[in-house]
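Just below is one structure, and these are the notes that go with it.
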Amino acid sequence: MSENLIEVKDLRTYFFIDGGVVKAVDGVSFNVERGKTLGIVGESGCGKSITSLSIMQLLESPPGKIVGGEIIYNGENLLNKTKEEMRHIRGNKIAMIFQEPMTSLNPVFTVGQQIVEALLIHEEGITKEKAKERAIEMLKLVKIPLPEKRFNEYPHQLSGGMRQRVMIAMALSCNPELLICDEPTTALDVTIQAQILELINELKEKTGASVMMITHDLGVIAEIADDVMVMYAGKVVEQADTDSIFEKPLHPYTIGLMNCIPKLTEEVEELSVIKGMVPSYDDMPKGCAFCPRCDYAKKICEEEMPELIELEGRKVRCHMYSEKWKEEN
Amino acid sequence: MKIFRFFTKQKEFEQEVLSSDIEYSSYYKDSFKRLKKNKVAMFCAVVIVLLILIAIFAPLICPYDPTHQDYAAILSPPSAKHLLGTDEYGRDILSRIIYGTRISLSIGVVAQILASIIGVALGAIAGYFGGIVDTIISRIMEVFAAFPDLIFAMAIMTFMGKGVLNLFVALGLLTWVRTARLIRGSVMQLKEKEYVEASKASGATSFRIIMKHLFPNSLSTIIVLVTLGIPNAIMYEASLSFLGLGVQPPAPSWGNMISAAQPYISYRSLYSVMPGVAIMITVIAFNIFGDGLRDALDPKLRT
Amino acid sequence: MFSYILKRLGQTILVLIGISLVTFILLQVVPGDPVQLMLEKRADPQTIAAVRHELGLDLPLTTQYFNFLKNALHFDFGVSYFSKEPVTAVLLRCFKVTLKLTCLSFIFAVVVGITCGIIAAIKRGTAIDSALMTLAMFGVSAPSFWIAIILQIIFGIKLNILPISGFDTPVAFILPSIALGARYAGDIARITRTSMLDVVKQDYIRTARAKGVKENLIIMKHALKNAMIPIITLVGTELGCMLTGSMLIERVFSVPGIGKLAVDAMTSRDLPLLEGTVVYIAFVFVMVNLIVDISYALFDPRIRYGKGNSK
Amino acid sequence: MKKNAKKVLALLLASTMLFAAAGCGKTEEAPVDGEQTTTTSTEGEKVFRVGAKDPKCVFDPNQYTYTHVFVVTDNVLESLIKPLNDGSLVPELLTEMPTLSEDMKTYSFELKEGVKFHNGEILTSNDVKYSYERLIKKQVMGSILSPVVGYQELVDGTATELAGFEIIDDTHFNIHLSDVYTPFMSALATPYAAIFPAKACEEAGDTWGRDVLIGTGYFTFDKYEQGVGVTLSKFDEHHDQVAKIDRVEYKFIEDDNTQVLEYQKGNLDYVEIQSTMYPVYSADPELKDQLVPFQPAGGFYILYNTKEMSDPRVREAFSISFDRNVICENVFHGTAAPSKSFIPAGLIGHDEEAEVYPYDPERAKQLLTEAGYPNGYDVRLTLNAAYPLDIPIATTIQEQAKAAGFNVTLDQVDSAAWGEMKLNGGMQACISSWYVDYNDPDSMLYPVSDGRTDYVSSFYHNDEFKQLMIDGVRTVDEAERHEIYKKAEHILTREDYAVSPVYNETKYSLVSPKVQNLDLGFTLRMFFGQVDIVEQ
């Protein structure tokens, strides 16, 4: 099964604030294949979370608004669905787990109540007892010790890792086809991070669900993703399968990100960082958004926004690989 | 970076405001910027300034002496001569309402400043010294909080005699507990902070520690409490005056005007309604401005 | 939990003793003599001395206070100087009336306040929101006695559909309840809206949405239960304030409640009655606060188990 | 969703109830509940509904002298003698007015036969004796019986019975006075001298006047609910005639304005109004015909502390420094008349020819200069907060007296503090009022009588005045008494200026047109025995 579960075409999500427009997601296209994991990488504010929220249609609106594009899920455009139809898809077909396990669970309901709720919404005709059974099963599945006891506990009684496990249990309780993980490990300790990633991987195998893994950490990508999409300032800058990316990053930004990963094998004086910051949307450069931070930047980069070029079955948005670049040389 | 606004969560924002190591000057500058963005609060600030100006220049704007009795024009309806009509002694209602601004505002402000002084002093002492001092002060605060307020005010006013000055004291004594509680809390928090420990180690006296570190840290709390306490004090004044225990006639206060106008409400409804409207405008202005100030200065006070 | 309640009750007794002492001292320092008032125009020293003796006012102050305290511990506050009725009986009678008034105002304030607050929060930024919040602001900012007077005129006289005084029929409570509750309804509406908007921004609401929970269920279940915590704090203090602060409304509507009793006891310097009333009001106030504190646990499990908020 | 909303509501209600339970837990058996208070008026019943104020004390005229008490007790209890509105006295429980012995010190009484108390007992001489002894023992108003032999012994506790009260048989008794006391009959006509059934009163103890009140009056005392009202029902076995109305309902409404609103709503038949409201109500086409005036015997005056304002010239200066006409016109809108004498019209000793006290700021200034205060004089004028009308009066005086050089500051205190200040000499000058207890100048001059002035912060003493007061009560001839009191009054207000009478007011009430035969009395007494209700 290698058909696409979800196809995002030219997605544009803009924020309308103070009379201006912030193009948080600007023409992003990608596919997630069945049973595969897509990793989306980028710094904070590059639009990766907005992309996932756009798919879920959980944007704060106003000011956020999907202004263009298509999200084809199982052959149907999600953007044409009514609110009610979307609600049936959320949590049922497409589930999501968030960055903050600490705050993403409702503090006033027990863990069990929160999992059961998802089941009661989406599984027609399920009894409460049955739902409880399933919930405990799910807790077992995500390797929570003493699931019967945990079922009746409140989120504040659990550690961060446990809570993220609960989030995963909740997300997977209705057997979704797509699981969107928005920085699921960022807020956790390193050891817990690894456990959670392992768990996601394992469950993915078990349930056959596709995963969209959003992260700023290429390490996570290396561990889990089949394909990678690098985003910068609302645009895709590089798209490839994981191996190729790690083997040979093309875009200067990707290269920069790679250099940020501490390599145990090398002895480095200091970690290299990408100089500068993501540009403010007030003063987005006319040309390539990354240009002010780019070591390779040339005049053309300042003037012209590069296209997404197909190159060796990969995609990259950089003048370096264009004809013009060569011309300029 | 506009986009950050969407990702910066409220909590972080509060955290930033709460962290006490920030520079005060920039902190207040930022707060003021935040406040300026709050259009409604700024509008209320303008209303408050207007009210203050009215209070200060009352003698200049008043068409009549508020206590001048014109027996030829008793309870006259609104006219060009008396825009809001006259009361049962032929006094101009508009002039009395204008003068009432003076009394209400001064009572609100002075009583709150007094309450803050008492509250800050006791709250800081309780919070700083802790132990038995704290226990005693806390119990005193509980006694004050649980004591029926109007009865207490009645007793104080009877004890000291009626008069605007005594009213300040009575209202101050009625409302200090809230300030004291909050100051006590924040002082206790701040006490744990390292820098206080550090200055202790360097041999500073307790008093100096409180003054130098704790007070500026709590200043924004106090400012917010005073602003939000003013409408409260104005309402208290109105209630006391309504009971005949507040501002004494012939001095005009909105509370005693409502009280005096009560029998005439079917006949001269404006007489009854206008002082109430004046109270409402003032209280609304202070409440909304105070809320805005709180959100800008000290969001942790919100709940 | 249990030991917590016990500790709080212990503190309450201390506070109540403090309050009774303050009341006692206040009545000693405040000018005015109940005997004088009792005898009104015919007061001569001989008669005054006789009546003072009869009332036990000629005893040393400390004896007077300790006698009071001793009896108060047995819930005996003595007999009112003027009506010669046991204070406890008077208190219960008046408190029943106030309780009725307060409960009605409370229900009015809570139902109207929370409903308006939720509607405003859901419709935030719309005209409905502005209208509701303006109304709430009016409620908060208008003196209750003024609202009372205006309600009396509009509904009692002009429309002539509701009674304007007394408490003998259920309808007689409508106007006083609204007048007393208006301010609190406004307060509750405002805090509900703020609290709801605060909660709606939280991550767990997004989680609920991501789960596919129906929008109105998100508001009524996920958001409201969290938003209840600050609301409860406010509602609790306000219940206390209502129970003890209804004297102005009681006066305007001639409702013989505890607030009016307290004012009367103060004006007549009826020491046993005032002591009883003040201690009773304070007791109720403290107990309401205790109940509120306990009821947090109903809404916030983090408190129930005594663990710190790990947020 | 509904279910959850309900849950939240249930929780809120639960906490309310929890609290309610805490409050009511101790109620045991709840006494009278609110719902039961409306006595449903059956068809054709005649009910007179009176706007009243809760005196917040027992309805016992032996103990409390408030008008709020008398308005009820006057219709339940009766004294031996009854005052008519013209001031004359008629026997009530007596067959005829008592006869006086030669030495004018012994009065002989004969009770009507078979006068029934509300509890069915028959009135006997013993009840009268008991009532009078109780009055004296309760002290408050006992002094009206001070001329009776054995009064002091009873007060001091050296005797248990009133020696001067001689029972002859069940319907006959004599009262012996230690000295001639002309106003004695008037004193016996006061509400304080009401006659109670000895046994029932003794049994009732502290509940007398609250739960139980038994007399011989036109109405029986059915129910007193604190803060709510009092209900009286007609007494079918009244010794003279049965009342025309079935019930009197007093409704306690503290707020004056609410009282009038209730009247306008048709829920009350009788309310008293504030004088300041007179112009408003008299301009109201509906109300103006329902305003009924009555003039109580008494007046408002300024009482000086003669210790502090010791120079009579200063007091005189103050007395003439303000214009009484202005006060009556502007504050009272003509419902009060400037005083001409301390003794109001209709009483023995009232000087018909006297002029209104003058207003002469120039002379006042001159007097002050003569007295050694050329630069003005500070006066602290104390007001009783219970009389809100004092404020405009005092304000007007304050304003006017400036011209004469008086710097008046106002000091408003509540009733309890007022009483104490009076006794302690804590006042320099105050606005006071006095209404007669009985229709006699002795009652009017009581607050300034010798020995009393020390308790009312006046400290006024004048031997001639004192002697005239003694002569007054010992003189029988009315013309002679008139001269004596006229002279005493002149000394008091125009020579020594111990008090400065200001005005005599006319009170107004709103009385529903369906109320007939309501006579509003001279001494603030209200008897409803003759009142009838005729539905229009």
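Note that the chains are named A, B, C and D in the order they appear, and that numbering of residues resets to 1 at the start of each chain.
As a convention for this text, a contact is a pair of C-beta atoms (placed from the backbone, for glycine too) under 8 Å apart; a residue touches a chain by one contact, two chains touch by 3 or more.
Keep in mind that this is a model prediction, so the values were computed, not measured.
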item	value
Any chain in contact with chain B as well as chain D	C
Chain of greatest Cα-centre distance to chain D	A
Cα-centroid distance, chain B relative to chain C, in whole angstrom	22
Rounded Å distance, chain C centre to chain D centre (Cα mean)	37
Length of the line joining the C-alpha centres of chain A and chain C, rounded to whole Å	53
Interface hub residues of chain A, defined as touching at least two other chains	none
Residues within chain D bordering two or more other chains	255, 257, 264, 413-414, 417
Chain C residues counted as touching two or more neighbouring chains	30-32, 149, 153, 157, 214, 225, 251, 267, 299
Chain D-touching residues of chain C, taken from the complex the two chains share	30-34, 36-48, 50-51, 75, 79, 82-85, 89-90, 92-97, 99-100, 103, 106-107, 110-111, 149, 152-153, 156-157, 160, 163-170, 214, 216-217, 220-221, 224-225, 228, 235, 239, 251-256, 260, 264, 267-269, 284, 287-288, 291-292, 295, 298-299
Chain D partner contacts - residues on chain B that touch it in the complex	67, 69, 71, 74-75, 88-89, 158, 161-162, 244, 248-250, 262-267
List of chain C residues in touch with chain B within their complex	11, 14-15, 18-19, 22-23, 26-27, 29-32, 137-138, 140-143, 145-146, 149-150, 153, 157, 191, 194-195, 198, 201, 229-230, 233, 244-245, 247-248, 251, 259, 262-263, 266-267, 274, 277-278, 281-282, 285-286
Of all residues in chain C, those that touch chain A in their complex	202-215, 222, 225-226, 299-302, 305, 307, 309-311
Interfacial residue positions of chain A with respect to chain C in the complex	56, 58, 83, 87-92, 95-96, 98, 100, 102-110, 117-118, 121-122, 154, 156-157, 167, 170-171
